[in-house]
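Down below are the structures I want you to see.
Two complexes come next, and they have one chain in common, subunit A, joined by subunit B in the first and subunit C in the second.
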Partner chain A sequence: MKSFLGKRAIASAISLIGLIVLVFFLSRLTGDPTALYLPVDASLESREQFRELHGLNDPLIVQFGTYVSDLVRFDFGDSIRRSEPALDAVLRAFAWTLQLALITMSLVIVTAVIVGSLAAFHVGGVFDRITTFFSLVGASAPDFWIAIVAIVLFSVNLGWVPTSGTGTLWHWILPVAVLFIRPFGLILQVVRGSMISVLGSAYVKTARAKGVRNRPIIFVHGLRNAMLPVITVIGDQAAALLNGAVVVETIFGFPGVGKLMIDSILQRDFSVVLAAIFVTAVAIFVMNILIDILYAVLDPRIRY
Partner chain B sequence: MKYQNGRVAAILLATTIAGQAMAQEQTVTVVLSEELDVVEPCMASRSNIGRVVLQNIAETVTEIVPGSGLQPRLATSWEDMGGGTWRFTLREGVTFHDGSSFTAEDVAHSIARTTGDQIVCEIGAKFFGGIAITTDIVDEHTIDITADPAQPILPLLMSTMTVVPAETPMDSFVETPVGTGPYTFDEYNVGQNITLSHYENYWGDMPEVLSATYLFRSDSAVRSAMVATGEADIAPNIAVQDATDPATDYAYPNSETVYLRVDHEIAPLNDVRVREALNLAVDRQAFVGTVLADGTLLATGMTPPSTLGYNAELEPYGYDPDRARELLQEAAADGVAVDSSITLIGRTGNFGNVLETMEALLQMFQDVGFNMELQMFEVAEWENSYSRPFAEDRGPTLVAAQHDNANGDPVFSMYFKYASDGLQSGIQDPQLDDMIAAATAATGEEREQLWSDTFAYIHDEIVGDVMLFHMVGFSRVNPRLAFEPTIKTNSELQLAQISFN
Partner chain C sequence: MGETPLLEVRNLSVDFHTVGGKVHAVRNVSWHLSRGETLAILGESGSGKSVSASAIMNLIDCPPGEIVSGEILFEGQDVLKMSSNARRDLNGRRIAMIFQDPLSHLNPVYTVGFQIAETMTAHGTPRVQARSRALELMARVGIPDHEAKFDAYPHQFSGGQRQRLMIAMALALKPDILIADEPTTALDVTVQAQVLALLEELQQETGMGLLLITHDLGVVAEVADRVVVMNSGEIVEAGTASDVYHDPGHPYTRKLIAAVPGTGEMAAPLETGIKPILEVNGLTKHFGSFIALDDASLTVLPGETVAIVGESGSGKSTLAKTLLRLEEATSGEALWHGRDLVTMGQRELFSLRRDIQMVFQDPTQSLNPRMSVYDIVSEAFAIHPKILPRSQWKARVRELLDQVGLDANHMNRYPHQFSGGQRQRIAIARSLALEPKLIICDEAVSALDVSIQSQVMTLLTGLQDKLGLSYLFIAHDLPLVRDFAHRVIVMQDGRIVEQGPVAQIFEAPRQTYTRNLIAASLHPDPEIQARRRSERLAMAGD
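Entry: the complex of A and B
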């Protein structure tokens, strides 16, 4: 296991270096950010002064050299837009995204696994049909539309929850609910399909023949074996959330890393873009390693 | 005794609750479309920064008041001393939020910091580019400010100059702005909110609003919903489709003017008949109430009607496609290459429905016979086409732009847009250069007349550009407030001007 983790860490580090180099040069290809930061009427002298202050007049390779030498000291540079260290801005935003992702995925996993397993137990039954219908609708509905409709219905018309923001527990209800819908639909379908396959296997039939009750059959014998493909999809959905739920963050005013990244790309705030990509990439690498470990825990046949 | 204690406790409790309720009532929440990246007073010409900082935290030397023109603020009077120098007499008894007294040294420091080269301040870049400003402190409350080249509108320019204490660092932006305004900057929870509260030692009248919270939501529908639910009191700058409630939603001229900048140096656009044909090809009225909001005004000049020297006698070009075709035929008969491919350049996200507007314009130009194609650029690429230096190998281009002038004087616009060496000028006309220089140097009624003549010359004689629209903005205001947005709401939101119904 230790050698596996070592190899994964080295592979991740190489990928990370490649990613940073690629993003550095690709982001510079988008052009000079001066026009975005100064007013249209700004004089040529002001523009030149701005470029000089932010090192934009240096040749690209010199900029890259400076960036790498700073990065070795874990200095991602300062945000042009915010006049603060880029890493500070990213870590602050990432904390919000991490909370949002953890809460949402916890709820999604618990509910999708339970509901998907129960649906698989009576395939074609009323419960199965209803859950399949709503999970497919949820998985395919655009979240920007759901978010706006939810605000109009639950905040403006019913007045149950705040429209947006982060002040209280009530503020989390709508964003978590909107983020919940899509991964819930997808994971529920995978759990259902996997469980249908497992529940038809010989050892489940044997358990039934021995008189084992339904609940242990589903949640003890069946679920553990059905979880491997589910974990893969959970990892995929969690990675998407860690990258930032841009639409939900934007609409509900959540100061997460997805919105920060998009704003920084649009503003050509290169230091923040690179820091954000670095932090989310590290988080995703760590999560993938955890998923690999989880595979081995769930299935003793898997050894690294 | 026990009974008396109970009464005292009840009275204290009641007054505490009443006090809290009153404080709550005297608090306003403003929801802005974009989070502030910095809270630096010298960047307050950016609209979202200005709505928090300008005249609330940091005050300017002078102030433009809609309907009243230039008014005193931190300066009580000013006098032209000749040779480009103006003497400003400063208000006495004013203190900064840190307790220090406001003096001429603070004004000198603020000017040096805003126009200096250690930080790039938007106010310096936007209003003082190419102007060398020096100061001479006469006494504690008198300062001479000299502009080179001389600026007859220096007092007007000083309406953009935010004043900070002399101790403010020259080489970095502040994270906690300190000014002389009626509100102190209390806290910035990045990503969440900014709070201000009333400054007890403010030199002016006691405002009704005692504290304010600024929230940030980029979606217009959410901002309007927040006012509808009472979570916010003011949502400046909501989209037209969200301004659906006449009881709470205000439309007002937002000081933005949309036009097509014509490049006079390249054929066929160097022919006045072609430029007139462009103007006659556009059915401006058809845009109003359809892709653009009701209340949008047809433009004849670069600045909105509230600006000094606005020429109300000018008529927008009517929609006359037949005459446009005739003009093109006449030009073609004289050898003008009217069938040259012209590029119409728009900027994505420039204003609501910009793409629909640009596509409709393209269709109208093509209908009268122009060989034209549309290209939509994001801001940096668009800027390359809009501002000098222009590409040597460029073809004939029309660049769609939206220009903001809420400052009340055309000088903030005309040099940049029409002088031969103006940064965004497509015109090389010595006569126009002289007219702009004369109007810039004049004062009073003569200034008004000269600007008016300049607008007429550009619009009627040289057919400078394709002027399109003076835009309107929409804001939603909670009915508990007595506040009506004005043209200034585009760039500032003075809490002290808000009262409660």
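Entry: the complex of A and C
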């Protein structure tokens, strides 16, 4: 197990380095930041001064060298827009995104697992049909549309919740609810499918022959086996949320990492973009390792 | 019959609603079981032999199943009229069941100790008490080091131990009836004998009624008092095990008894002085530090059937895979007409693949479900394009299907549209497509019913006579080998422990291992089996 974790950590570090190199050069292809930052009628001298100040005049390879040596010290440089260290801005935004992702995924997992398992118990029953219908609708509805409709309905017309921003508990309700719908539909379907095949398995037959009640058959014998394929999908969906739910964060004016990243890309604030990519990548690598550990915890046949 | 039997099934009929229409799984089935008695339900796949047991345990899903009529009386009460909660309460406490494949019937993610104790906790036994009783049971069914094994998982046990654990689980609450559905089919012969002996012992201890569902006349002969023979959902014959074997009344029973291998004439060895087509010297295969195959040497003559027998893990399949280069040998040589298969380059090996073909155990898995029979058989010509021009493929496939006894007009059908025996014929036709000299059959008929088995064996023998084929026949079923092989090789723990002409191995085995193997295989005649059993007990007593 320890050597497995070591290997995974090294593999993750290598991919991370590759990612950093790729992103640095790709972001330099998007154009000259001076054109964006300075007024159209700015003089050549002031443009030159700006370039000199931010090291944009050095050859690319020198810029990259400076960048890497800074990185080793976890110094991503300052944000051009915000005049604060890029990493600070990113970590602040990431904390918001992490909270949003954690709350949403916890709700999704608990509800999808329970509802999906019960739907699987009576395949083709009324409960199964209703949940299948709504989960499919949820999984296929575009979230920007749901977000806008929700704002119009619940904030503008009914006035129950604020339209955007953060601050009170009420501010969280709409973003969480909108982000909830799609992963809920998807994971519910995976739980249901996985549970149907598990409930048809030979060991469930044994449990019935032993006289085990229905509830432990589903939630003891069934669930732990059914969760194995589900975890993979959960990881995938959680990764999407950690990356920042760009559209939803933008619509609700939620100060998460997705919104920060989009803003920084538009403003060519390279150091922030890089720091944001770095932080979310690390988070996703950590989460994948946690998922691998979870596999081994759930299934004693998996040993690394 | 004076007293009411413990369990009685009366005129039970069960239908299954399928896409293809209604299937009558069992029709008007009646039988009874008394305390301390062993009743066997004998039948081939699809005979409906398990359906009444599933109905007793409430394991039939309705729909698609439907209990059309009949009663199941347990101590005089019709369980079909009970509430599902009352029936759940009977399960495990009064009536218990064990199944064919213990690995898939044990939950892979829970410890065996938990699963045994669960039978008791599900019926209200306190956890601590259930745990100590589970430990007792594990010791009773013969799990070595049972205290430490309490927290082990099913995959950490051998097949025989898993079935013992299933038995412990089933008998935890001392049920009045144990239903055993093919309990030893997946086990080696020596392990089968031990498990059957354990069941009998426990039956004598507890006085439970034992309902044994099986396809194996040998198992019936070994343990059953009475037997019910089923064919396509109906009981065709019932009586004591001895009466049914010696004086079968129904043609189906007669056919079933005639198909049991191990009673025919043994083949004489081929004459000496013929040059072998395959000569294996010192073939060895290591998997890490595990020696799967150790210094195996053997020869195969043209037109000869060499059987390799041994229990699971003895290295039979590793030998076959190494010969086919599906595994690379660690050392040794295998000379095919003087050329070494083990060191041969890929190009030469490719042309040689024509000569050596393989037929696998499970045709359902070894045939691609998305390819038609024509595609499956003609694929060989596509891989080896120089053999046959495309214009002649169809005619050749037709010829091959004729040869294996299939209707050539069905060549555009898919594997799932055929029965198990027919599928194995397709696999044989595929292996014959390239006119091989040697066919390696890895448990090629083990998954088939006895009557189908004998048809396929007749086919293989006929092909050998006509085409001069050699077979390397890997099997665990000794009676089958006895009827079919010229020469027998016995393997144990990766080594060849004995080899010789079939008559010598079966009539004068030199090794104790071989003797035990032969003694453990079951004869369909209850009298002969009773005699063998007393011999075996005497041997064990020494």
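We take it that the second predicted complex is superposed on the first by the 304 of 304 C-alpha atoms of A that agree within 3 Å, B and C clash if a C-alpha of one lies under 4 Å from a C-alpha of the other, contacts with A are read in each partner's own complex, and residues count from 1 in each chain.
Here is the rule we go by: a residue touches a chain if its C-beta (ideal position, glycine included) is under 8 Å from a C-beta of that chain, and two chains touch if they have at least 3 such contacts.
Note that the coordinates shown come from a computational prediction; the quantities given were computed from them, not determined experimentally.
Participant: Just from the overlay, do subunit B and subunit C fit on subunit A, or is there a clash?
Facilitator: fit
Participant: How many degrees apart are subunit B and subunit C as seen from subunit A, counting from C-alpha centres and rounding to the nearest 10?
Facilitator: Nearest-10 rounding gives 160 degrees.
Participant: Under the stated touch criterion, which partner chain does A:T250 make contact with: subunit B (first), subunit C (second), both, or neither?
Facilitator: first
Participant: Once chain A of both complexes is superposed, is A:R8 in touch with subunit B (first), subunit C (second), both, or neither?
Facilitator: Neither partner.
Participant: Compare subunit B and subunit C by how many residues of subunit A each one touches, and report the one with more.
Facilitator: Comparing subunit B with subunit C, the partner touching more subunit A residues is B.
Participant: Check the residue A:R28 against both partner chains and state whether it touches subunit B (first), subunit C (second), both, or neither.
Facilitator: It touches nothing on subunit B or subunit C.
Participant: On the A-aligned overlay, A:R268 touches which partner chain: subunit B = first, subunit C = second, or both, or neither?
Facilitator: first
Participant: Would you sort A:R81 into first (subunit B), second (subunit C), both or neither based on which partner it touches?
Facilitator: first
Participant: Would you sort A:L38 into first (subunit B), second (subunit C), both or neither based on which partner it touches?
Facilitator: first
Participant: Return first, second, both or neither, reflecting whether A:L298 touches subunit B, subunit C, both chains, or no partner chain.
Facilitator: A:L298 sits against subunit C, while subunit B stays out of touch.
Participant: Which of the two partners, first being subunit B and second being subunit C, lies in contact with A:S164: first, second, both, or neither?
Facilitator: The first partner, subunit B, only.
Participant: Could you grab the smallest C-alpha gap between subunit B and subunit C in the overlay, to the nearest Å?
Facilitator: 47
Participant: Can you check the complex and tell me which residues of subunit A touch subunit C?
Facilitator: 201-203, 205-213, 216, 220-221, 224-225, 298-301
Participant: Taking the complex as given, what residues does subunit A use to touch subunit B?
Facilitator: The touching residues are 30-46, 49-50, 53, 79, 81-83, 89, 92-93, 96, 148, 151-152, 155-156, 159, 162-167, 250-253, 255, 268.
Participant: Report the residues of subunit C in contact with subunit A in the complex, numbered from low to high.
Facilitator: Against subunit A, subunit C makes touches at 57-59, 88-93, 96-97, 99, 101, 104-110, 118-119, 122-123, 153, 155, 166, 169-170.
Participant: Touching residues of subunit B toward subunit A in the complex: what are they?
Facilitator: Residue positions touching the partner: 35, 37-38, 40, 45, 117, 119-120, 122, 124-126, 129-130, 172-173, 190-192, 215-219, 221-222, 225-226, 228-229, 231, 379-381, 383-384, 386-388, 401, 403, 412, 416, 423-424.
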